[in-house]
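Two complexes follow with chain A in common, the first pairing it with chain B and the second with chain C.
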Partner chain A sequence: MEWNKRARRESCDVSLLLMGVGFGLITASVLAIASVGLTLQFGVTNFVNFAYGEFLTIGAYLAYFFSAVANLNIWLSMLLAALLTAGISWLINRVVIQPFLKRKAPLLILLVVTIGLSLFLENGVQAIAGPSFQQYVTAPGAIVNIGPMIFTAQQLVIVGIAIVLMTVVHLLLKYTRIGKAMRSMSDDPDLARISGVPIQRVTDLAWLISGFLAGLAGVVLAINVTSFTPALGSQFLFIIFAAVIVGGIGRPYGAMLGALLIGLVTEVSAMYIDSAYKTVVAFAILVIVLLFRPQGIFTSRGRV
Partner chain B sequence: MEPVLSVSEITSGYGASPIVKGVSIAAKAASTVVIVGPNGAGKSTLLKAVFGLLSIFSGKVYLKGEDVTGMPPERLVARGMGYVPQNRNVFPSLSVRENLEIGAYQTPKHTSERMERVYLMFPDLKKAMTRPAGTLSGGQRNMLAMGRALMSDPDVLLLDEPTAGLSPAYTKVVWEHIVRIAEIGKSVIVVEQNTTTALTSSDWGYVLVAGENRDQGSGPELLARPDIGKMFLGR
Partner chain C sequence: MSSLVFYLLTVAIFFCIYSIYGWGLNLQFGLTGILNFTYITFVAIGAYFAGVAALQPGNGGIGGQYILGWHLPFPIPPIIGGIAAAILALLVGYVGLKRLRSDYLAIVTVSVGQIVWTLIGNITPLFNGWDGLAGVPQPFNSIFQLDFNHYQWIFLVICILFAVLGFWIIERLTHSPFGRVLRAIREDEDVAAALGKNVFRYKMMAFVIGSIYAGVGGALTIAYIGAFNPSGFTTMETFIIWAAMLVGGSGNNRGMILGAFIVPVLFNEGTRFLPSTPGNPLLAVSIRGMAIGLLLILAARYRPQGILPERKTIFRLDGLQQGGEVGGDRVVPQ
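Moving on to the complex of A and B:
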């Protein structure tokens, strides 16, 4: 009797844990896409873009437009939204940010500029799309059970997209000329210039990739949370920062691992304590990491 | 023979006030030219100005007979100029091989042949090919930095104190490499503090004092001069 009860309780604990891991994998996937986009841009340009959350929002709303208004398939809408967000990101860098860099504005000014941009973009989205909740008209698809973990087909697609994107980013950085140039700029922009790296082109590419990943992350985030407002991205930005900083800011591989860690721990914790504390848990991880390894846990030397 | 690099009376500096004032130097193919002078004389500033890192207030820079005054570094690299700064001259998180590949960014066609040539010249680098450059010793870093600059197959190579902080033995090794780089046809312009070795190994020397040309001559000639000896060699 006693034995049976204990065995049942333990199996229940394990399945609860595994359920949390399942949710964690989905959150980690969304987070990884977003974090790599932020950290790549930081690596190349060396300042934080506080308007990055709004890039996610813009992606989510563009996809909403393509799917709900233009009646396109959600994945096609996602792709179009990501491409457009890439263009917007590039444009914002060229039109808003680079003029300040050309005048050698101090870092603090750039920080203020991107924060101002963040407010402007969020309110812009709200002015166009309205403040109320939106939702994509999509079916989550069949339920897939992997052990005690339950996924919808849609969620599995999201995990698949994240894996593909992380692989592509890895191949880009490790094996392509322009990817190596991005890493060289991340190491030392002055030396990169001296060595003949066309820094404007590499910077453009960094903003394009960053915007693409942000737009795409915004769409999968919106799918994942089902309904969203213009605050979608800014609310998620803190978690992105946590993943990026835990992994060592400016380091794409660190961001991937940081996303996995933050995603898993926040979702597993939500199985045992109130899920409203997810952000607190992420914050706790961040503080612990910053206390003991301020350069990030997954890093040794160099930046990327 | 026409000089490969000819710097004609350039004045340059960091803000508005000139540091380098009306300096002229020239360098021929397959030769080493050394620029010596006391600390703060403006030697590094001169190299930065020639390489397009500082604005040139007046004067001209000619590369292979063409006016390249004020051209940005990436275009100068594409046209055959290479530069190795004194500090922070490798990408620490990139592997040795990737550092060399970055050096070939403007001229990607013959990357693998050039890399073989660099490895032939610096066998140490070949052994450390896959290691992050940040783990190399100071001397190895300077070798890598030179190798990186050679990857664009420049006609003119500007080196800023390539032996700073190195032991006398390693200094000799570096200079052997510099001489060999000149022997394969390059024009190498070296800023140096280790004046004796530098002047002994160079074809021509310039003495820069307070941002101005003070003297020039062949290495042995300058070494033999008592006033130069007093100025730099503590004799």
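Moving on to the complex of A and C:
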């Protein structure tokens, strides 16, 4: 009798854990797309873009425009929004960032510029779209049960998108010349330059890819949290930072693993403690990694 | 008292407080090159601890849930606020300043800002949660028993005293051997380390002292307004101070005074009168945020040294000192 009760409680615990793992997989998918975008751009340009969170916000709001105002399908809206965000990201690099690089502005000034940009963009979105909550008009689709894990069809699509994108990024980095050029710039920018790598074109491409992934991540994040405000991206940014730093900053594969780790740990912890403290858990991981393995837990040597 | 005098007094008080904020940030960024992207969190911690040190014990009911409640007389709460901010700075600095590139500390500060904000809002027994503290006693007014209008004069005098003391200390620090090491670290960390300076220690000291300025400034703010809640420390507030520093002249404490006048006072007060639209209640706030962001970018682009640039010492063979605005980044022993 007593044994039965305990067994039931334990099986209950396990199913709670697995439920958390299910949620974690979805969060990890969103996070992986966003983290790889940030870390790719860092690898090539060697500075952190603090306006990256706003790229997510812009993607989410563009998709809202396409789906709610122009009545397009949500996935088509997502694709259009991601392409447009890629363009905006490219433009921002050309118009705002490049003038500073040409004058060889110090890193500190560059970081101040990206944070000024983040303030400008977030308030810009808020000025245009208003501060209130928005929501896509989509059906989450059929409920799919895999053991105790519960997914909606939409969430499974998100996981699928993440897997496809990560594979594409892997193939790009590993087998194309442009991917090799990106990795070489990440390794040693000066050596890459004197070896004839077209720095400008590779940098442009890095911002395009980074913007595309950010825009797309913004849309799937907005779908996942159901309702969003112009603070969507800036509130998510430091969770992206946590994933990127856990994996070793500038390392795309590290970012994927970091996203998986942060996604799983935060969502599983939310099964046991108040979910308002999810971000605190992500922060704790960030602090522990910075204290004990600042180069990232999945790395042994220098950067990529 | 006319409303104009009242308004000018308020502006003067905030001008003093923003100068104090600015000197702290200037010590961190302008002098040492530390990126603190959540300076306002240190202000908030100072304000909260000063607040609960000055308040009567909470009754535990609505509006009365907070720690301490020591009901201490005035000069003590700002000291407690300063200490609280210093302790937070020690913790943050320990994680973010050690053997890492400068962007890591920036990332840590951004994260700490979010976390402290979430924790203070959600843990009501600390500082009364999202509602925040209210009814913090005005310094010395139990003696003077003045109404709010006349009390403004007393508070202005208190603020001026704090500002003068703050300016004196920061100028002494800036021009001391300590300040010289900080400038050397800003220009080239590796060189400073090669000369035997413990870079981490110096950076930590600059970070902590700068945060004490934030904490004391926060303590004055809560003593003046009498209330404080999480909506008072948003990212935008941090960057108003940043913009003031960049516009006024980073590395120059006098420039900081100018910046504290131009940005928070003129700029913030000026955009306050933007018309409000019924469809978008926060339109004026959003436009102000865009303007602050744009100002940061433009200041960094066209005049990163600010209106009053830092005066750099130039090496001369005859041993005489010559101050002036120079293009080079040389820092030489005097």
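Structural remarks
Operating definition for what follows: the second predicted complex is superposed on the first by the 303 of 304 C-alpha atoms of A that agree within 3 Å, B and C clash if a C-alpha of one lies under 4 Å from a C-alpha of the other, contacts with A are read in each partner's own complex, and residues count from 1 in each chain.
Throughout what follows, a residue touches a chain if its C-beta (ideal position, glycine included) is under 8 Å from a C-beta of that chain, and two chains touch if they have at least 3 such contacts.
Owing to the predicted nature of the structure, the values given are computational and were not obtained by experimental measurement.
By the touch criterion defined above, A:Leu31 reaches neither chain B nor chain C. Shared-chain residue A:Ala181: touches chain B; no touch with chain C. When the two complexes are overlaid on their common chain A, residue A:Ala63 makes contact with neither chain B nor chain C.
More residues of chain A are in touch with C than with the other of chain B and chain C. In the overlay built on the shared chain, the residue A:Ile115 is in contact with chain C alone; chain B does not reach it.
Look at A:Ile92: by the touch rule set out above, it reaches neither chain B nor chain C. Contacts of A:Met256 after superposition: neither chain B nor chain C is touched. When the two complexes are overlaid on their common chain A, residue A:Val246 makes contact with neither chain B nor chain C. By the touch rule above, chain A contacts chain C in their complex via residues 47-48, 50, 96, 99-100, 105, 107-109, 111-113, 115-124, 126-127, 130-131, 234-235, 237-238, 241-242, 245, 274, 276-277, 279-280, 283, 286-287, 290-291, 294. By the touch criterion given at the top, residues 177, 180-181, 183-184, 186-188, 190-199, 301-304 of chain A touch chain B in their complex.
Contact residues on chain B toward chain A in their complex (touch as defined above): 51, 53, 73-74, 77-78, 83, 85, 88-94, 98, 101-103, 105-108, 132, 134-135, 148-149, 152.
Those residues of chain C that touch chain A in the complex are listed here as 29, 33, 35, 37, 94-96, 98-100, 102-104, 106-108, 110-112, 114-115, 118-119, 122, 235-236, 239, 242, 246, 279-283, 285-290, 292-297, 300-301, 304.
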